[in-house]
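Each of the next two complexes has chain A plus one more chain, namely chain B in the first and chain C in the second.
Now for the complex of A and B:
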């Protein structure tokens, strides 16, 4: 009864086409933003900000990128980790070669370079689909990581292969990378970027290009017959998806871990992001965030839950349980709710609109 | 039925032959389509009617013969080119974008008319937003025309069959085509739905002046709606002419009713 659109009349198409046409949704979103920008930085501990919120945000951005490609445009990809690594190394090369560049410029350029690499590996998508495309993108994953390990140029010939991100400021003394950066600063910087790109992505998927992506996903032959060109549409999806993944990679290396290493972007990362969008919801912006929250929080919950009940389970068993729970959940979602947590959220909202009546 | 003067020839199909391997699907088919007419293609199952439509909109490339559209003879053509030239179609087995709403499906039909680039669309400001609203208005006109207001925001996968057919017609109309290819728009419908669909076909032809090429099995509908009818059987052209003439053609009667050898 509380949550419904009755009594809200749309007088123009602009109002009807708003991202959140229902008033309660808008209030909820503003409240969420207030919590994210004001409440969390002031009350959360360093542990929460550094080890939970930051990875959550950055992985959500990568999941957003993969969701554009897989969830909206229907092109299955296992190259997310490779694209994130490209973003991280591109940002590192740019930041060391041109130290005067602002961090935002470095991150955006890293994203654009990754977009270029994404286009290159997206070309086969014109000919191959589904699992075969997934295997082709898997090849890009291995190739990119191999390349960053093999050629010293990428790591500026560092002997250990592990390199740390140079300290950089967003403005004045507000360090967002390096040893002087506070967790709050890192969190706010990542949050701002993620919110910005989430908005951009939402705008894209509700515009013409988004409809073209979904048309290609749902029925590619019909899409072509109504005039959608396959190659540019698919390559745009690859470009934008890897743009976001590249930015997520740069943020991961610069803001989160502070070091650039290929190991952080191996094939496990690709699968992790894929699981996020499967559990969170394919073809949903919200799904990327829900999936990321779920996969970042679940291990922490599983590690801490036995202590709450006074049980003492050895660490190795816990990590095995984690794998089992993950596997079971992915099977569960694939069978029961292929549209993931975002769909469950949607159903809840539809039920709430009618509550307390059944229909 | 209606005595009308037909316009100039817009589309000419000349000596088209199409085979898939050893399978001869179309054999030396020739007919023309005039501006503003309703042209039907009929024939038993497997006669090559849908293949003929696929040739017309560039999805199949015939081995022999030519297609002349608006005075231009086409050779090998990319599939999306037909849409750019103003040829839209619906499919025998509905080919809607199942995960999208009715509104989005019809909006996608206008994709060629949207000019703002990806960056503008990402910001959703100025020209991009203005365009979205403009096209939304046009799409609402189509929704009103087809009387599908109530299912505007329903994902089409959840709609009943008859409604899906209607949405598909809406998506084709959204492109404001010169020629509309309808592949069995009334298959599997009840009498009432058939009447609605016939009314839409006539109205589209009347109000927008759209030339229509129609494939349909319901002879009553075909004879009532069409200006001229082409009859195919096993890839061969049996007859071509006004409904009355075709109806009394012996070869056509034999093909439909069978003939004793």
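Now for the complex of A and C:
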């Protein structure tokens, strides 16, 4: 009824090929942006901004990175945590060695360094595929964390091996890291970066590079026969994916926690991100966000739920209930829609076009 | 059909949204809120449960026996972190504004969560009390105004362990040429003692060999073959955690390394870690920053006021003497004594984190006060100041006899002069990186 494109005519290729060809979708997106940039910062409490929205955004960025590699280019990776750690440690080294650098520059450079590391660990992908590649990337996960633990240079010889972000401003007095940064400032900073990179990724996967990735994912031999070069295509996917993961890692260490030890990026983090894209939807930008929301927000909601209903349950039982309900929900969603939440979103949109008179 | 389905969905959504909005939690305005970050679940729960029980029992004892502190009832809320840093940060943020005045202090009970909260507590003005874990250099209160580390630090622990070895060998002079190995959890926590041990090795001429064990520490065969067959050190120190402890002790037994020469830090000295190692653990030694057993006045009162009335947190009064339980008691004691001091200064009503930080800056838990509480011999007196956020930092050595810990030394005092210089140097480095101006003291 409301969501219908009848009467919208595309007069040019440009309009026809727009990211959001339907007017209602564009309105929805603008409304979403307005809510994210204006409404949430003004009404959400510190707890919501700092503890729920910030990790959600940063992990969504990491999931976006992994989705490029696994969802679009079809290269299964378990090294996300290692790449996030690389981003975090690179940002720390840059920020402490060159204190005059702007935080955006630090974060982008950290992303580029991670991209380099990603290319290095992507080289084996030319020869090994599928589960074997997952194991090879798992090795990168363990190697990188071991390296940051082993060599004191990465932590400026801190006795505990923990890195801690210096206070930095985005502009003027607008602190985004350190103890004087407000949750609103951190949230807006992370949101701006995440929206920017989500847009960039969306455009990238619609370009020839993205189409090459998808061709490789769907059938690598066929892709090679039609003239797609395997090595550069796969390495581009590794580079861009690691770039995003590195930025997510730098944001996690600098903007979210402020201080971080390598264990914060252990293999559990890699699995967490992998589950996000599986539940959210492989090969979908929306899926990265939905998956991150599911994995980050749902456990928090579940632990808070008994309290909200005024039930006085011991904390250990709440924790166990959370595990069980969360596990059951994952199973439920994957049975109902094996292609992830993004597919459910798409089905909802299709149904909505016919609502309320389905045929 | 479809319409009814959608209606149900909408109603369900409305119900959830309504309950979310309407769930303002009721707190009595005249009671003091206490938030406690515990891990009753997860891989380290066997060590976390007794701690949480000890903490809760002491708070409940004050409520039952005295009606709280200075007439202000204590309102304890636990949050389960499962020893997971992400969850711990969420718990902290959720609890920090509860009650009339917010959380008066936070005890995260995990090195990872401690690091994640370092910036946040400065912004929120909530003291962070890390008893026997966390950043050792936070002993410098000028650079860490909101972090407190009584009763002991890892660096102090390392020094105490070497001090004890020296006494066993007949003086520091005898350490020359000795071989000491350190088996440690390869994380921020396990790496803390290395610098101190290295400095001591250079000073006294013993040889330090380091053996990192990757998390979680179940695979130590190669490590112990090397220790037991090749290196054959005179002593082994351990900075282990969770399942790593029992595994190390069993491997030490397998290669025939004498358990009497195997000394763990306090986190390698939980009852829960010794029992799985069985007979292999007999003779193993561990540092403790608290006394062991349940023969103290405070335990008797807890039994009388709580367990005899069915209000205890642990399964039975028999569980109240565990090392981890006593640590929980000690943390609760430090917090409540600080609350009492803050109330004496600012009036008998709920106090804020800033007021508690003021009290912690001059916290004094004397021998006499410990006697009144019934905890003399159980805990060491603590005196803090604006500059010194640690106190004496003493610890005891205990030995496992197969069933329980036996205290085998008096309080050992670390070399405060050397350590103080190290704390200040490390804190200064942190201040430089973070752009912190040391606050004036005195």
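Miscellaneous remarks
Operating definition for what follows: the second predicted complex is superposed on the first by the 331 of 359 C-alpha atoms of A that agree within 3 Å, B and C clash if a C-alpha of one lies under 4 Å from a C-alpha of the other, contacts with A are read in each partner's own complex, and residues count from 1 in each chain.
Just so we're on the same page, a contact is a pair of C-beta atoms (placed from the backbone, for glycine too) under 8 Å apart; a residue touches a chain by one contact, two chains touch by 3 or more.
A quick note: this is a predicted structure, and the numbers were derived from the prediction, not measured.
With chain A as the common reference, the superposed partners chain B and chain C fit together side by side. In the superposition on chain A, A:24 contacts neither chain B nor chain C.
Once the two complexes are overlaid on the shared chain, A:96 sits against chain C while remaining clear of chain B.
By the touch criterion defined above, A:259 reaches chain C but does not reach chain B. By the touch criterion stated above, A:320 is placed in contact with chain C alone, chain B being left untouched. Applying the stated contact rule after C-alpha superposition, one finds that A:14 touches chain B and leaves chain C untouched. Ranked by how many residues of chain A each touches, chain B and chain C are led by C. Judged by the touch definition given at the top, the superposed model places A:169 against neither chain B nor chain C. Of the two partner chains placed by the overlay, only chain C lies in contact with A:308; chain B stays clear of it. Contact with neither chain B nor chain C is seen for A:192 once the two complexes are overlaid on the shared chain. Minimum C-alpha separation, chain B to chain C, in the superposed model: 26 Å. Common to the chain B and chain C interfaces on chain A is no residue.
In the complex of the two chains, the chain C residues touching chain A come out as 2-3, 19-20, 23, 25, 38, 40-42, 45, 49, 78-80, 82, 85-87, 89-90, 93-94, 97, 111-112, 115-116, 118-120, 122-123, 135-137, 186-189, 191-192, 194-195, 212, 214-215, 426, 429-430, 433-435.
Every residue of chain A that touches chain B in the complex is listed here, in rising order: 12-14, 17, 200-201, 203-204, 206-212, 214-215, 217-219, 221-230, 236, 240, 283. Those residues of chain B that touch chain A in the shared complex are 57, 59, 79-80, 82-84, 88-89, 91, 95-100, 104, 107-109, 111-112, 114, 116, 118, 121-124, 128-129, 131-133, 136-137, 140, 171-172, 175.
Those residues of chain A that touch chain C in the shared complex are 46-47, 50-51, 55, 96, 146, 149, 156, 158-162, 164-167, 178-181, 257-264, 266, 299-300, 303-304, 307-310, 314-316, 318-320, 356, 358.
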